[in-house]
Amino acid sequence: MMTTPGPGASPGPGASPLLTAEGLYVAFPARRRGGAAARPVRAVDGVDLTIGAGEIVALVGESGCGKSTLARALLGLVRPASGRVAFAGRPLVYTPRALKAYRRRVQLVLQDPGGSLNPRHTVYEAVAEGLRIHGCAGDERAAVAGALARAELRPPERFFGRYPYELSGGQRQRVVIAGALVLEPEVIVADEPVASLDASVRGEILALLLRLRAELGLSALVVTHDLGLAWNIADRVAVMYLGRIVECGTAEEVLLSPRHPYTRALLSVLPESPLPPVVLAGEPPDPSRIPPGCRFHARCQVLASGEAERAGVDLRCRSEDPGMVRGPGVACHWA
Amino acid sequence: MSLLEIRDLRVTYGAGAAAVPAVRGVRLSLAPGRALGIAGESGCGKSTLALALLRLLPPSARLSGEILLDGEDVLTMRWGRLRAVRWAGASIVFQGAMHSLNAVRTAGDQIAEPIELHHGATPGAARKRAGELLAQVGLPAGRAASYPHELSGGQRQRVMIAMALACSPRLIVADEPTTALDVMIQAQILRLIGGLVAEQDIGLLMISHDLSVLADVCDRLAVMYAGRVVEEGPARAVYSAALHPYGQALSAAFPRIGDPASRGAPRGLPGDPPDPSALPDGCTFHPRCAVALEGCARDEPELTGDGAHRAACVRVGPSAEGSP
Amino acid sequence: MTAARGYLRYTAGKLGGAAVSLLAVLVTSFFLFRIIPGDPVKALTHGTPTTAGQLASLRRQFGLDEPLWRQFTEYCAKALTGDLGISYQFRAPVGELIAEKAPATLLLTGVAVLVYSAVGLWLGARSAWRHGGLGDRINTGVALTLWSVPSFWLGLLLIITFSVGVGPVPGLFPTGGMESGDATGTGLGYAIDVAHHMVLPVLTLVAVGYAQTLLVMRSSLLDEMGGDYLTTARAKGLRDAVVRRRHAVPNALLPTVTMIFINLGHVAAGSILVETVFSWPGVGGLFYQALSVPDLPLVQGLFMVFAGAMILMNLLADLVYPLLDPRVRR
Amino acid sequence: ADGGDGDAKVLTIAVSQSVDSLSPFLAQRLVSTTVHRLAYEYLTNYDARDGHTIPGLATGWKSSASKLTWTYAIRKNSHWSDGRRTTAHDAAWTFNKMMSDEKAATANGSFTANFRKVTAPDSGTLVIELKKPQATMTALDVPIVPKHIWEKVGDFSVFNNDQRYPIVGNGPFIITDFKVDRYLRLKANRDFWRGAPKFDELLLKFYKDGDAAVAALRKGEVSFVQGLVPAQAAALKKTAHIKVNDAPGRRFLALAVNPGARAKDGRTFGTGHKALLDPAVRKALFHAVDRETIVKTLLQDHAVEGEGYIPPRYRAYFWKPGPEQRRAYNPRKAATLLDRAGYRKNSDGRRVGKDGKPLTFRLLCHATDPADTKIGKYLYDAWREFGIETRMECRDNVSDPWLKGHYDLAFDGWSVNPDPDFVLAIHTCAALPATPRDTGSTDNFICDRKFDELYARQIAEYDPVKRAEVVKRMQSRLYDLGYMNILAYPNAVEAYRTDHIGSITTMPEAAGNLWGQDGYWSWWSAEPAAGHGGPGGSDGSDGSATEVVVGIGAVVAVVAVAGLLIALRRRVTADDRE
Amino acid sequence: MSGSPARARRLEAAARLWRAYRAHRAGLFGLGVLVLIAAAALAAPLLVEGDVRKVTGTPGGPLEPPSARFPLGTDQFGRPLLGLLLWGARISLTVGLLAAALSVAIGAAVGIVAGHYGGWFATLLMRITDWFLVMPTLVLAIVLATVMSRDVWTVIVAIGVTSWPTTARLVRAQTIAVESRPYIERAKALGGGHRHIMGRHVLPNVLPLVLAQTTLGISAAILTEATLAFLGLGDPMVISWGGMLQEAREAGAVSSGHWWYLAPPGLAIALVALAFTLCGRAIEKVLDPRLGVGR
């Protein structure tokens, strides 16, 4: 018998927005001093994204498209060049004090559970770290035990004194999640939370996220490159390409009837896919040289096969930026 | 005759109390022109098996059993013969191409090296052949002058593949060739490997933890758990109708988009992977098995089943219907 | 092409950095030695009959009667044109004094650094490749022991044993100096004479110094030994020795080469002790003499040379590094 | 190992000090002035036997009745090495240069400070007119240089006389080659007016390390070594073919007391301890010091117990205190003196000063001088037992605290010239600095009217015997003041190879030293031992050593090659194991 | 686990470290030597009769060779060399420990701050570090020892102030490495400020390195102290091994063949330096942050 997750009670679209990114741009200064192409890296290049209360949003896209940068911007770990992040309707203020308060309510879970635990801290210290930083009053032990139990590390006391290397990958990720839960946040931003885990363990962690949402009403942004995972847990899916969201909608809409050629290509190369595989040529493009027009046009199979020409949009594809996606929708001239 | 025949291979790292039995009695065979997939979660001994094929394990590993490559036992070969077999008889595409390529030598250099060694080619000729090989894996020959760090992950993996093809081996072992690569590049590499195997009548042993990928590329699949093969059979059959509870759990862990059963319901395997230095008695899977029987904690089952599709589970007996 | 351009730019950057360091040294060396208490004029004339007029005259000659900022600007202006001033006690241009002494130091320590680098690299590579073995343990043990020995002490012992002669051991080597002095001949005879004088000092420096190269080489090769690319190389059917020579050592060489360059940078200054013990006519002894006055132009000049050598060698290391490691190339 | 010209007789001397300059106008170090003694003739010289003035370049001299004009007769048989004759014009030019160009006065300017005018009416006569009478006119230790060469020199402050060899001179030796800190070569001046030296060549080899020099002496690489320490001397005494010359030196070693540093304008400065101004304290301190121990134990008898100011070597001026004047070792007396003066012991056994604080004296020492540190340790112990704490302050360069008067006690020492004027002058009030910010030529700020009166008398006294009388009275006064306490006269400890040097003249002839004499007697007079060609020439040990080295090198090379071959072979087989 | 789990685990971790350390035979040897020498140094006043520092009224004659009465012979004043060696151990060890501690403290502080903050401040700090790095240590130490008064503190300061840059660079590199770990990002996301990151995450992670550096630094400092003393830059009133060597040389021990005057202090320096080096290397291996051991 397989583990079955809790009820998939999804608030769905229409839930009140909790965490939003509005017209967010993040650029990194060109890393190589005096490099020939000393252009800034536009890692996030205009993103509008809303996470509703109690909603799970999946952000998918290929490597280097800016997913993690967006996640970090949402936590205020990098400052956007323009645009803003708003939480519960109020824009984020970048003073140390305000950020600290903000980070009590929004938590981050990272990809590599091994790396996100200090090897010199015990499980107890790792989980209590947040409490200590925020100087939370109350029974620390009880809080830590509660968080661990909620992350399904039972009995919690057995794990207190362990060091990360004594835990399996799945257990480490649970500790990280417990460390986030102990502050009772409203939103969890999870950056590839299961990418480094074995397939068999992965399902368990995802099920935990779903259960927490059901029990605590947590919202979550799950960053992933795995479309199957999005199908597994997300209410809504946003597809990101080269710093921008190119398609957004409910999981069913995006994954079952994709409209953007990029989403289609992504889906088509999955081993089980019914679609004829479309292997995009070339490497993912460079965020320091975003092509003019539609940013996807150089690799677009629709444009390459002449279909766009038949639809009469090929010129626009090459010259006109289809703009940002606000809310559900797709940024494509052809779709 | 099969190209590769592994008989009762056992590999143990270290000795005494800290001994890690990484591979415990594996039997597999592979015919030329065919592809065999090996799946299993991290630490189950897949890489150990791959390295054992060419006796590349560190000195702390002790091996027993037989590995017949074209009828010749690799484990009892003299070093001189072994060196000749390496790469010319069987080559390996390793897991992480970044670390498997020498960072301070050009790609072309590294491809040409085994050609010079095994075919006695002149440097010029080897260089030329390296260019051809790069073209074969879809890279411009000019990339031969690049250093690994100047190549992207996908390109590096292609260089590894070109290198593996350099001496026209009979067998290629691909150890997780696409892990850490993007979906799109993963698809490119898999197509490339599939094509090469089909064209050149090479035997392929492909290792991955991604069952769905293996099912796509391979003819047959073996599922490993804690150093043993627990299920073996035609690729499609193992993926879609596994016999062993572990095989089933593994295949269920890969959601099928559009399948309502997996929507909002991620599935995994409760419990933790086994500690290879302290394996449980009996069937090593029983602590995590949802359908374990009493006897499972005692006896370790052998692979059984009809000729083509076999599993090591008491529930898979002569009466294969008793599957959970 | 772009790689070449990148390397040029990289070089320019490093050159700029070195120039800045050199300027910093230039400025600080001026002030550093002004804090040494003691008036060079008084120190130089202390103990000899001197009239007040003579003192004033000396002060004028040395430019010490000018305000500090004037002295500083003058010093900077001169130093930038390569003029390091005139030594107070030797009354000769500092540049000439150093140029006269530097070859001896360069010869001695340069040879020593080259020898011990080669020995260290070779032994280090062997040691790492068979790490844990008896050879490795003996190798590192001996190296560490010699490393812990004070060089001046070793030099003294070598002099007692091989110059003065102990018991049956005859005094084979000269006790000090660079040449016999009575053999003014040039050519081969002179070279052999100098080589003869160099044996013990070089031996001292090598014995004390090779351990560092050995250890760095050993540990960086050990770091590389787990490298997957070595498994690839072995899988290709390469001989063990070839794997080491062609794959492991080039990768492990990087940190060691940096260190060798830094040691070369120390060449100028690092020989003070051995020069003292072996009466080697190099710059080390000169510095010591200059400091006790303080003979400001000479001290500053030597300091500049010492630091300049370090800066130069760091620069060279920086420039060589990308040639060895393509990853650093831009 | 022989030099290029076959059997030239070479005398090799180990020296430790670096030559500061070869220009007589700049050189101040002993090694340099010694070389100049050898290369240039001075107006006068000192007799090797007892140090009385004898003719040098001047064959005779006389002073005018006014005591202000001195006339020297210049010898006719002295020639520059380029063939020209040395004349009074050379001497006049040399002095005039020093008087007119301050850069040329760097080294010896003090000699000409009191000159009014120097002229050479003819080539054989030199006339010097003085501003004030000066008794040292027969002790003008100034090298006379050839005018025709030196005229061409532009800037004397940077001319080191090391451009073209051989350097034109008229002394017993001619400088032929010089490499800083390596060697300095002189060849015998065959035409030297007093007669040619017996050795063909004199080679100064530089050994920064005394042990290296001694080892070189043992091996015959050098013929002469000076500045030996007791252990070296003891060891060398037992060595065949080596003679150790342990002779009374020119130096005294003293403990100077800060008498309260002051300037001529009357202002005082420095931080000298007040208690030391009390004569009783000074007296007590030195009653507590056992000079015999210092000489016997610490200096291991390579010194003579110190008494008067001028070392016994200069018999004419030597003075020692009478029994009742003498501050002999007597701890009990010292204690009584202090008790009576009011410096009593407190409960810790420390003597307490007038300000209520325990007495602690700073003792300034030269960090590089082993004698200072040795004796310092002894004084620390001796005075500690006696209730007085000493804090050693050892520095590389003591001139700064010294000149600023930041010390209580300090090690002091001077090399005394045959003419004692200079070492006496440094204790006169006239030598004090003009203001606290200036530097005077004073040694340790002593300023005593009575001493000054005596000084004025001796400088104007041209009669040697009478002058010596005054000098002795000055020493007595200095002794009574207690600000300069002579602890010992260290010996000059030297050694030479008797198989290289057959005979050599010491100065004074009976029990004198060889290195740093007041003349050039030692090297001029040294005779090669029979059969000696050069260092290492006679015993050939050097040659055989070279052969041994070559042999060893060959063996090492063979072994290395063999080892390499074996290693390579082993590598081939080891490979197959991997 | 009840009570104070963290403390219990710490103890256990220490015990594990000790077990790991014990596996290094060379490290054990070094430790043994150090314990012996430290004990001897501490007990010097008890072991050595009388005041060896006194140069008069000494028990032996000058430069006696080793005998039953004076196992290591006597020095130029007739003081027993064994006693001097024991007294010298105190200074050599003290100077070594304090100078290394000073140097590593400066280096660690500069390294952590520069590694953590980055920006122009770090650039400035590293420029200063570079300046010290290109200065030949010995030369700078000689200058300092010349400038300041001659006592033990001068030597300590001179060594400490000149030898820190290597540590600073290492610590900075390690800090940067640690700062790039995901758990730092996590700590920031939890709301941790600079103090928290540096104190709770960076410092514990660089401590092993710092410890190893200190141990290795001690041996370097002892050698430097000996060198300075040998060059005559030490405090002549203090008995130290380097000072003994200098006295031996000044006394002409080399050329007069008094090897027993020269050999023991040099051997002692080498032994202690070797012992600290061996300990340091063992500690380095046991605590190697790269291996993730010593958690």
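Order of writing sets the chain letters: A, B, C, D and E. Residues in each chain are counted from 1.
The rule we apply is simple: a contact is a pair of C-beta atoms (placed from the backbone, for glycine too) under 8 Å apart; a residue touches a chain by one contact, two chains touch by 3 or more.
On a predicted model such as this, the values are computed, not experimentally measured, just so you know.
Note on connectivity: the fewest steps through touching chains from chain B to chain E is 2.
Pairs C-D and B-C differ in how many C-beta pairs touch across them, and the larger number is found at C-D.
Centre-to-centre, using mean CA coordinates, chain B is 88 Å away from chain D. For the pair chain A and chain B, the distance between mean C-alpha positions equals 31 Å. Rounded to whole angstrom, the centroid-to-centroid distance between chain A and chain E, based on C-alpha atoms, equals 50 Å. Averaged C-alpha coordinates put the centre of chain D at 42 Å from the centre of chain E. Annotation for chain E: residues touching 2 or more other chains are 146, 249, 254-255, 257. Residue positions 37, 156, 159, 164, 239, 276, 291-292 of chain C are each in touch with at least two other chains. Residues 1-4, 10, 12, 18, 20-21, 23, 26, 28, 102-103, 105-107, 109-111, 113, 157-160, 177, 179-183, 185, 203, 205-209, 211-213, 215-216, 218-219, 221, 368, 396-397, 399-400, 402-403, 414, 422, 425, 434, 438-441, 534-535, 542, 545-546, 548-549, 552, 571, 574-575, 578 of chain D are the ones that touch chain C when the two sit in their complex. Of all the residues in chain E, the ones that touch chain C in their complex are 26, 127, 130-131, 133-136, 138-139, 142-143, 146-147, 219, 223, 226-227, 230-231, 242, 245, 249, 254-255, 257, 259, 262-263, 265-266, 269-271, 273-274, 277-278, 281.
Remark: chain E residues 1-2, 5-6, 8-9, 181-183, 185-193, 196, 200-201, 204-205, 292, 295 touch chain A in the complex.
Considering their complex, residues 51, 54, 56, 82-88, 91-92, 94-96, 99-105, 113-114, 117-118, 147, 149-150, 163 of chain B touch chain C. Residues 209-215, 218, 228-232, 234-236, 293, 297-298, 300, 365, 367-368, 370, 373-374, 376-378, 380-382, 392-397 of chain D are the ones that touch chain E when the two sit in their complex.
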